[in-house]
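Presented below are the structures under discussion, each in the form of structure tokens.
Paired with subunit B in one complex and with subunit C in the other, subunit A is shared by the two complexes that follow.
Let's look at the complex of A and B:
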């Protein structure tokens, strides 16, 4: 988990987490409405640029970004090979690459890439604790939800450890995976039932403790961390407005491909 | 009794247990990502058969805690956990999680949260699949795939989600009931009173 790793704090870390979440969700909606691959390319570049301010060493950023290549390829190829279009480039059996489908595939790949980059940026620059405190204070999320989320987050490392223990225990008892389809269910069951049962028991104990300590009373509670807005939030919002305006202008004036709408 | 507790909203225990169940599946979702991506380049929409795994948190959590809002909460929580573990799809994970949870939730709501049999759960899984397809139409331009490919995609996704998020979830929940951990989560039922 990223938040446990040492890194430098940059201005992106100081942006209000709730605002960041809202802006990034709006980013998702905005990207869906972009049908011009030229504009989208500039948007993607502008988003990737922000990763320089993540405060993490570039080697680590590259490591986290490495699955993006797979996502890009897997998202774009489906549409490239099997999409509809008029100008045929290649036809081989069922594979039918046309000019339209090629650019549409590229567009989809860029879409996935920009959203993956923005997601990584969010993960690298947001501490979960701050996010949930901010959701409680700025967006009035009931504390019982926020604290449950935080408690569950803490259980994820325990969960992974238990999974390892389970794996070793099954191995030492000589449980072999018998491959083939019908046993997939057996494998899932073998791992998930003990993990779920243990987690539910643990969750119940923690819930009782949390109730006893008053985590549920919503009225007039005080917070250990006070999270508010600052000047950085304005800069952050302005960056996104400029990013989209600039991408539209650049996409119109300096296009890479002659297509303006991939639909 | 069930109605009273549900009218008062979810208790902290319900919420925490739901989120923890979701966390277990959130870890699974994260592992599922590369599996899905590796199946994708084959092109025959084979990956759609395993897409249903991403709907299992919602239906499974509802089978354990049969209250309004559980399905949607579980999907959002599972998406959040997998996003924090560094999901390759970034911010879209959260949006998709919410929509998928909503799809399952609507089906459970139509049955007034009373029914949790195999049929309802399969229908809820299909509901989640349908909701995800709605988002995919605007996100992935599905309609501009060639007709056979597009039919395969929808068919495989529905089939896969009914099998994984419907049938597998149902039998997993049954298996979990045998361990006895679910007993303390449900309010005393009519059968219990009759047994007394």
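Let's look at the complex of A and C:
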């Protein structure tokens, strides 16, 4: 959900945001019901392929993806090391790796990876403003929710700046010298109360300002950005259909492991 | 009388009360504004001017629920409202989208919007290359002009402004008033403002409120200033000539402090500078934001840091506290400056927004806080805290929560709480920003007391009057550089010429 990061606009940016949201949600559900690791591998590859069209430089994509790689490793190893199965590969104390648990772990990791990739793709190729305009126009989201979200997003950079100031202020007032063990509850309270106080006040002011500009919860408003459907949306939907069909066919004809169900 | 067609906005016999307060804010107030009239509402903080403005615009009770009653009211059909804080009146990230938001509310056809957006941006003098500009990259003055543009986009019959320049620097203030003055002469304006230098001559009518919310004067500009100068001064209004009057009245104090200052200049040869910087620079995420060639700060100095927005003034203060990464030589009391925690024992820092530095729940605890870690018995600590509270006129609010204080009290508390460890140096980031005249002078006098006792003060400010009348030296920062040329202020020149004569 970038506001100001420089990037190239690709065909993925022109996909209708509401459609994109729905397709990605369907994708999410579909991936959960795939139990064949061969199919899932091809699905994951197909999703990662789309990151080529994110419009952002590779280094940045990798940077954003780094936490997801960690998720991949942690979910898969968690499953691999302590799983049940018939064919034991390694047993060392608590750790027990079997063939079944190994593939189950790999499968879970791939699932996490493909979902992370799709989430990242959504974030990198969707402007929040367009998303909410699309939700209002295509899915009839009441304007009061859409504009509240947009107004809230404007406050995020201000909040970060205030957090920084607060950190400096607390450092100077000597809150660090409170003993050897910092009291986490106290620390949270110390940060959250001033930040909340400022935010609540600011939210109230923005709300009044919006009403002063004639904002009502009238669904008959006009829209500066008219967001509709275009040819890109068809390509995008077709891409997903082909992705799943191909993944199933390739998974069946060119499997990389003999297991077809990890459950 | 209020029903006549010439009235743009008006209210008769208004009674209004804020929930939780026992007293009525208004007890039977009546005011009406004619079409095309330009009215300025003046009064002390808390007299209800801003509330009245919201009543006249219909925001109370339509958007803000406050219990109120009145006999009769003329509320504009399309009021245009401009608020005080440039950061809390937009809901969209880009300038064009913000204006489009208004047009959407008015059901303007999307095809007509781009032309209209350009039109209103031009009208307020915002000649952006591309209207699709991020609002957060604009200066405060530009943001406030965008706010005027979006109010104008409502095609208002009355324009209401609630202290539109209170949070702006001098350049921004001038921009905003120039924009307002260029508006069509038949626009009805109702303005609430403290800093009235720029508009005193422009408005047709000035209405002055007492602290109790009653109208005590209503007339033409000059007439009101002459007849009610005393009240205006008491209410802390920045009326034209407030500085001259202040200096005339408190002039003797000035010379007293000059003599104190003189003592320090006499001992200058022997007193070592407390802070010395040489080829010093501060970095933010790896990039240098401020470079200082060579300067020093001595006890009894009051240094005003001036420069444009974003020149690096606040960064320099943070660097002196070593809250930013620094390079180059920084000597404190002749030794290499240590870490933030060590410096904090010798340097006090007052932030622009006092609320961020309050860590406790009462005024008393707040002042006491930094002493709790010092080896000191309870009695001595108590007497020290009491002395500090008294010095800053806070003794009657000891149990109050810091957030419940007024703007001026919060500021004084932040200075008192920071200075409790008798630090040798006091750093302040725009301590008088957004304060009324009365509070400003009160703070400056407290600072002058500290300075006369030998505290070195380094202060970021936009106000050249303060620099000329209170500071002893000026650091002028241009594009992230503080050059060697440190200018003495008028005040110091006077002092030193006296010295040379004696």
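One rule holds in what follows: the second predicted complex is superposed on the first by the 252 of 263 C-alpha atoms of A that agree within 3 Å, B and C clash if a C-alpha of one lies under 4 Å from a C-alpha of the other, contacts with A are read in each partner's own complex, and residues count from 1 in each chain.
By our rule, a residue touches a chain if its C-beta (ideal position, glycine included) is under 8 Å from a C-beta of that chain, and two chains touch if they have at least 3 such contacts.
Just so you know, these numbers come straight off a predicted model, no measurement behind them.
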| item | value |
| --- | --- |
| Subunit C versus subunit B on the shared subunit A, clash or fit after superposition | fit |
| Angle at subunit A between subunit B and subunit C, C-alpha centres, nearest 10 degrees | 70 |
| First (subunit B), second (subunit C), both or neither touched by A:45 | neither |
| First (subunit B), second (subunit C), both or neither touched by A:188 | first |
| Partner chain(s) touched by A:212 [first = subunit B, second = subunit C, both, neither] | second |
| Which superposed partner A:197 touches (first subunit B, second subunit C, both, neither) | both |
| First, second, both or neither for A:151, with subunit B first and subunit C second | both |
| Which superposed partner A:171 touches (first subunit B, second subunit C, both, neither) | second |
| First (subunit B), second (subunit C), both or neither touched by A:77 | first |
| If touched residues of subunit A are counted for subunit B and for subunit C, the larger one | B |
| Which superposed partner A:141 touches (first subunit B, second subunit C, both, neither) | neither |
| Touched partner set for A:220, first subunit B, second subunit C, both or neither | second |
| Lowest inter-chain C-alpha distance for subunit C and subunit B in the superposed arrangement, angstrom | 7 |
| Intersection of the subunit A residues that touch subunit B with those that touch subunit C | 151, 153, 197, 202, 206-208, 210-211, 215-216 |
| Complex interface listing, subunit A residues touching subunit B | 1-2, 24-25, 27-28, 32, 64, 67-68, 70-71, 73-75, 77-79, 81-84, 94-96, 100-101, 104, 108, 111-112, 115-120, 122-123, 128, 144-145, 148-149, 151-153, 155-156, 159-160, 163, 185, 188-189, 192-193, 195-197, 199-204, 206-208, 210-211, 215-216, 262-263 |
| Residues of subunit C that touch subunit A when the two form their complex | 57, 59, 62-64, 78-79, 81, 83, 85, 87-94, 96-97, 100-110, 113, 134-136, 150-151, 154, 318, 321, 323, 340-341, 344, 349, 351, 353, 355-359, 369-370, 373, 403, 417-418 |
| Residues of subunit A defined as touching subunit C within the complex | 3-4, 129, 147, 150-151, 153-154, 157-158, 162, 165-166, 168-177, 190, 194, 197-198, 202, 205-216, 218, 220-224, 226 |
| Residues of subunit B that touch subunit A when the two form their complex | 10, 12-13, 15-17, 19-24, 26-28, 33-34, 37-38, 40-41, 43, 45, 64, 73, 77, 80-81, 83-95, 138-141, 144-146, 149, 168, 171-172, 175-176, 179, 181-182, 184-185 |
